[in-house]
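Heads up, the next two complexes both have chain A, just with different partners, chain B and then chain C.
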Partner chain A sequence: MSVQSASASDRGARSGSRRRASAQAVTVAAVAVLSLLVIAAVAAPWIAPYDPLHQSLGAALQGPSTAHWLGTDDLGRDVLSRLVYGCRIAVIAAAEATSIAVVLGVPLGLFVGYRGGWWDWAVMRLVEAVVSIPGIMVAIVIIAILGTGLHRAMIALGILFSTSFLRLARGVVLTEREEVYVKLARVVGASDRRILLRHIFPNIAPPLIVQVTLTVGAVLLAEAGLSFIGLGVQPPDASWGTMLNTAASYMELNWFLAIPPGIAIVATVLSINLLGDVIRDSIGRGVAVGVKPTTPVARFEAAAPASPESAAPPPRRDDDVLRIEGLQVVVSAKEGGEVPVITDLSLAIARGETLGLVGESGSGKTLTGLSILGLIGAGGRSTHGTITLNGTELRALTERQREQVRGNAVAMVFQDPTTSLNPAFTVGNQIAEVLRAKKGLSRKAAWARTIELIDRVGIPRPAERARAYPHELSGGMAQRVAIARALSCNPALLIADEPTTALDVTVQQEILDLFRDLQDEFGMAILFVTHDLAVAADICDRIAVMYAGEIVEVAPVDTLFATPRHPYTRGLLSAMPHASDRDPPLPTIRGTVPRPGSWPRGCRFSDRCGFRTDACGQRVPLTGTGRLVRCLRAGDPELEAGR
Partner chain B sequence: MLRLVVQRLLALVPLLFIVSVLTFSLTSLLPDDPADLIIGQWGTEQQFEMVRERLGLNEPLVPRYVHWLERALHGDLGTSFFNSVEVSDAVMQRLPVTLSLTAVSALIALLVGLAAGIAAALRPRSWTDRLATFGATIGQAIPNFWFGILLVAVFAVTLRWFPATGFTPLSSSPWEWLRSVTLPAIALGLASSAAIARQVRSAMVGVLQQDYIRAARAQGLSRRRVIFKHALTNALVPVVAVLSFQITVLLGGALIVEQVFAINGLGTLAITAVRRQDIPMIQGLVLVMVVLVVIVQLATDVVYGFLNPKARPS
Partner chain C sequence: MSDSPLLEIRDLWVTYWQRSGLTLRRRPFHAVKGATLSIAPGETLGLVGESGSGKSSIANAVLGLVPAASGSIRFGDAELSAMKTRYPAAARRQIQAVFQDPFSSLNPSMTVGDIVAEPLRVHTGMSREERRARAAELLKLVSLSEEHLGRHPHQFSGGQRQRVAIAAALALQPRLIVLDEPASALDVSTQNQIINLLYERRDALGIAYLLIAHDLALVHHISDRIAVMYLGHIVEQGPAGRVYSAPAHPYTRALLEAVPLLDPARQRARRAARKAAPAVEAPRDAVSGCPYSNRCPSVMARCRSAMPAAFPVEGGGTASCFLAEDRGRARPAGEPASLAS
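What follows is the complex of A and B.
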């Protein structure tokens, strides 16, 4: 395990740094391409080997040669020179159209956003109208009025793209004007102009920069397109778009003509877009202050299955439905490597029995349920132990076989019924689907059975409710549907993960009664996961208390409540509110459950425990018969007296 | 569903009104007098007056707009400034060409975008994912007309699998239609499939983390069923909005791609009209585009309501 985890953590760290390095390389390459573009644009007369307009009909449509590195076009003009001069057009076009868009859009957006009312309404309807027409068509219409040519085409694109700057500026103003500091400035009598310039404008800068990069890329593509169809740069001037226009006409004679200008466009636009992504990411990081990643301290040494501290498996009973022995689950950590989240977990549930799995959030209860289903999810896996359901070892099954088991032999009810039902389908559809897929029922038979099931879980007018969508049902109703679906194939084991926590208190009791009722009828075993001891006391036969990924105490429910033996169990019990004594403030257990990866080396509760001794620094096994406890001092008079 | 359509249509009325006013005012925005454009430099004063009268230019602005709108609503978009061609005839004749190009490319963009987006979302950060993301980034930087030229060079000029130019109507030969529309539709659809793939990926990654996906898996439903029924239905909700926007983009892009393949669609009509400042033709083109966009938006709303029960009016 330790070797494995070390190599995994190395791998994680390495791939992380590799990703950072490749992101840096991309940024450098993008900046290099754009710098090259600007240099070529400024120094075109010195770089270009020929005059871009110089014709030499004797040397038309030549391929690349030492005299003409990129060949010549239909009029014998040097392609490389024209490409270099095309850089100039690209830079001018991008600068011109983007500046026009910013200069038109931002002030107008600030104005209508700040002013609001009729102005805002009228301008926004106008913007909507423009945006609803394809962008190229808008540009074409404006060019129809202004006439063709580079600068006119760029004015057209500037007007077109000003709509996005207008909306951006307006959006920022609408959020900022409600901010406290802007309201304060207004109260102290600052002028509107001053408020706009001093308080609101600075907040526009970050999204504005991102929008500029997006616009520059779009302008370059649009300019090339307009020049290509002859509405932008006019021949004989060299732009990448007009060069492609020529290339398209001479495809059969010299296809290479299309390559240089095309690659120039793609490289430039790609660089701008990639740079925009980088800027957006870094601005995003600057805004959202991330939680400082904590490095896992004291890397946990996992208990090997045969190690002496491993608990004796729970005693075998004839009617056991589920037996888990020595289960260990790990998840991959953000910092790389894998961290154990469940260790040395053993439990058994008999037919018709309800076992409560109790503990604070983060103790690994839900994950235990998901491990039984084999649905730990991406980044997690079970590494040790056995999970036996009706005599079948589930961990040894293939994914296909496990799919067979799910739904048929074991099913799960989740915490929040409103999110565990698919919002896009009717609830009846979702039950019938399971019956058809798992039981092979016909459409008709499945629907009939669905209505029976919905009726059985106590929903009035079942035939009508079956056609309802989840959002049309109350939480309690939705949970009844989820229970009906889970029981549709009559599973031997039902895992209920906090099934009443998300519900209204008055509904909770009804759902608990329903569970009891259904268990009497179907006889399934129930693993009832909850953090609420009162609920557990109500419905469970036995209770297993979980803390930091391991079971610390197991006992029949009455015994556990009468004589809790683990200090953590006692802490939980004393934190339970009792209706009778309201006066003394509820005691709480100080501290919180330690995160996986930062568990204490010995007893994991030791740093929150009032009874710890030096011996608690070592791993503590779960001991006992019938009732089990993981505490060195269990039965110690001092600890018992503290009760 | 009918109710939804009517509701949405009513919501679109102000938009249509503003577009019609904008379109109408093009004539007034023109720096030259349209009569000058039609008659040229050497006309007589009498000829100018006749033309101005015929175009209704002597009427005040508001009645002129009302007349123009009235005729437009009856399908009469006027006559070209340069010949006696009815604008509505010219537009309707070329509309099927541009429409079939746009529709086929939208279909290609949707299929490619879905396939790439789903493949990437199923294994985030895998090689498939990186390849798809990288491909999408490149795809959005390639101009559609350049991609068209490359496709012609390889598949028409060199391999001779497809015709390099021209368009065969669907009604005259479905097979030839398919051959003539394939290359332009691929060229046009590339950037949109990249945009759709990105949206599908992010929507799918989000949906796959939802509780109901885990619950469906817990119920023993197969991975395939959970991905394609439970996850995709929900992930498509935001994708529909992107697709709708992309169809507008494709409609504009078609105007340019048509030029690569010498297809006689709305693009050619528009370019000729712009060069001659043939305002009635431009007005007709804008109105047709807006009607198409409105139809697409309506269809989007209907599909949206179908995918998302919460969006249906009750």
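What follows is the complex of A and C.
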């Protein structure tokens, strides 16, 4: 990864790359320590300057010297040589105990997790009993049965640590077996063994790798501990634990004896755990969007200029609550660089007005809502344009000031009420908290207002329901609570992102009616984001259709549905299920929404459009007055006839 | 309807046992309460209802993912409910499924080729090469191509993933595919592409579908017959056109009227009507008598005490509503309501 922060203006980006660089240095160090350990273990006879067992009582307990770099122990044996041979024991110990733990724990965990029932109950109680006793005690008991010695001690540790692998494997099976693909494998008729090995087991790998590294560290410590108390490696063999044992006996005569094995143990265990962290992080990163914000934005600006031909901003109205002009949002791409996801977006919403933002997934409509709140998230930022709320330019605000705006002047309702409410608090609490934090109400006043609000959104027995937890409410009721919370500070603008998509149709209708009623009463402006044009027809005054990061058509609701002008709007309308009463094939728009970064040049809909001409290869502006459309052929008789 | 149905469900009950609180006592929750349905070979039955209506439980019972508490599920000559969840291979081969969520229905650690070939691997003795060739063929059937074989599911869009799921379901040439909300996680245009694909494959291969969905408007395009569920009961069933255009049960009507229209003016008129006669607010809990009686706008005294039987409806099918019985009585003699559908 190259660190080329010279051109980056973003301070956050630079500190981020510094953090990555230092993390990288740590990884390299950890890998180096571990490689050294393995090399020492394999090549001990060649590296070690002396025979680790060779005694020379005349030269006992010496400090470091040129002959003995790390001195000698109580029997005059060379400490460096013993340390190097100790590596061998450490590697054998780690490999032995960890493999026993994996071989024992993983299959058993898979089995009990999948089988469940009595097997699961019995095995898990046993595991809990083992885990509830200090590990070293369990190991000592097992050694008492098996006898002392390195291999027996490692079998003991293997059995002990197999419990954590068992729990891990069982945990993965319990989540995976609820996955739809496991259900499908059962429908297909795959045997239980096949489902476990072929469908579930591969998904266990990432957590398993991390667990292995943690176990290796723990085994090294435990081996040293057991050898120290004389239950592991037996004298005269050299292990770090027995070396520490010796050092302890001669503490007063030569304190230095404890230092080499001590450092060896600390460095090895630390390295292996750090490596485990790195592996875990890298697995996690595979899911998140890779962020590499050091590349300047210039690259795409050349490709998609914040164009001079961009439409004039929407006409100013006296009662505009929100005005967005020329907004452009970019996100970091996995391959590096930044990719535009919203370009040249302008819209305005007046007091008491509902503007629908419709489009397929990937069109950028949700991101538009989030960018008003300044909540685009890691890897994304707005680069151009203005977002004005009641005369305040939101993009110029500091994060602190923005926090004041969120919840107070702008509020949001999300798609899934069961995840947007915190399951740990009562619903009343969550509304009251907003009132106390944003409005500074007293506890009592906030609670009274909360009950009023819950009553206002049409929930029967509000005082009782305020004390309910989110999971005790149905989806519709929970969404009403989320709406009550959003309205608690009487916002000027309410952003509703697919607020009815997760609900049943009959409940959807009730929620849409509620939005209407509340708007009549509170007079807020609503930005209603939805993929469902029929819902938009029900709730909106005006509709903006988005496609591939830009608005392609804006019109009052009746006009849009009566005479859609953009081919994309038409495609969407005719694809709605109730639009046609005929048998399949149902009308479709060919192809799919292109991903950001692979939009066609010129008109972004051109590769899916049936009315494409050569001129469509140029950037197309959003034109018109009153109703706007981004199509060169809007109004063209051929296109109109194609309806 | 053909004389011998492919799938015949009679008085099916599906019960889940829920542990309540910290006690060891478990309470029964009846997800399906005595459902009777049948599907003829090559026929599509749309099963519609809101979340919690029990439609997915019927699907799971047919697929042998949950056992039937009582009642019978006959598939061809085999009685499936007696086998609990261990179906014989012959029945397994002939019933396949496509589920809703295209993001969790494909195993992230397998390639598309392996996913599509998995049923072949389980049920046939095909060699690796034969399976690969067949998988490539299947991908072509769903408008994907051979080059997709080696890719992993995360490299596909939602619509493409659903195509892969359909290809896997077609692999064994089943006679019945259970489609549990196959398109509802997709955008409208993609949704239509999937519906078209299912329709096309059905006509080409003569497969029967049990199509489960919440959207009546979408279901009626592709179904021959529709059954509507409410709280575990099948409250209405009949030919798709009749149920969609002349619903006999008040719940079916409510369901249809709640679907927003593309016409803002008609939508406003509907809202005004709703305001004039507000809907009955009632919990969607089980009540005695007709399950819909606490929300029904035309509820009568007897609805609260007795569960209406399935009465025949003019135009085909049945409705479990006393209004349907009254209408049936009012019909002049010699004009029997047709049960055939």
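One rule holds in what follows: the second predicted complex is superposed on the first by the 388 of 643 C-alpha atoms of A that agree within 3 Å, B and C clash if a C-alpha of one lies under 4 Å from a C-alpha of the other, contacts with A are read in each partner's own complex, and residues count from 1 in each chain.
Here, contacts are C-beta pairs under 8 Å (C-beta built on N, C-alpha and C of every residue); 3 or more make two chains touch, one makes a residue touch a chain.
Since the model is a prediction, treat every value here as computed from it, not as a measurement.
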item: Partner chain in contact with A:Leu231 - chain B first, chain C second, else both or neither; value: first
item: Which of chain B and chain C A:Ala482 touches, first, second, both or neither; value: first
item: Touched partner set for A:Arg186, first chain B, second chain C, both or neither; value: second
item: First (chain B), second (chain C), both or neither touched by A:Val103; value: neither
item: Which of chain B and chain C A:Met576 touches, first, second, both or neither; value: second
item: Touched partner set for A:Ala32, first chain B, second chain C, both or neither; value: neither
item: Interface residues, chain B side, partner chain A - complex; value: 14-15, 18-19, 22, 26, 29-31, 137-138, 140-146, 149-150, 152-153, 157, 164, 210-212, 214-223, 225, 230, 233-234, 248-249, 251-253, 255-256, 259-260, 267, 270-271, 273-275, 277, 279, 282, 285-286, 289-290, 293-294, 297, 307-310
item: Chain A - residues contacting chain C, complex; value: 179-181, 183-191, 194, 199, 202-203, 360-361, 458, 460, 474-475, 504-510, 512-513, 516, 531-535, 537-538, 557-558, 561, 571-573, 575-580, 582-589, 592-593
item: Touching residues (chain side chain A, partner chain B) in the complex; value: 125-126, 128-130, 132-137, 140-141, 143-145, 147-148, 217, 221, 224-225, 228-231, 244, 247-248, 251-252, 255, 258, 261-262, 265-266, 269-270, 273-274, 370, 373, 375, 377, 403-408, 411-412, 414, 416, 419-425, 433-434, 437-438, 469, 471, 482, 485-486, 489
item: For the chain C and chain A complex, residues of the former touching the latter; value: 50-51, 63-65, 85, 87, 89, 92-93, 95-97, 99-101, 104-110, 118-119, 122-123, 157-159, 165, 168, 187-193, 195-196, 199-200, 214-215, 217-218, 221-222, 254-255, 258-265, 267, 271, 274-275, 279, 281, 284
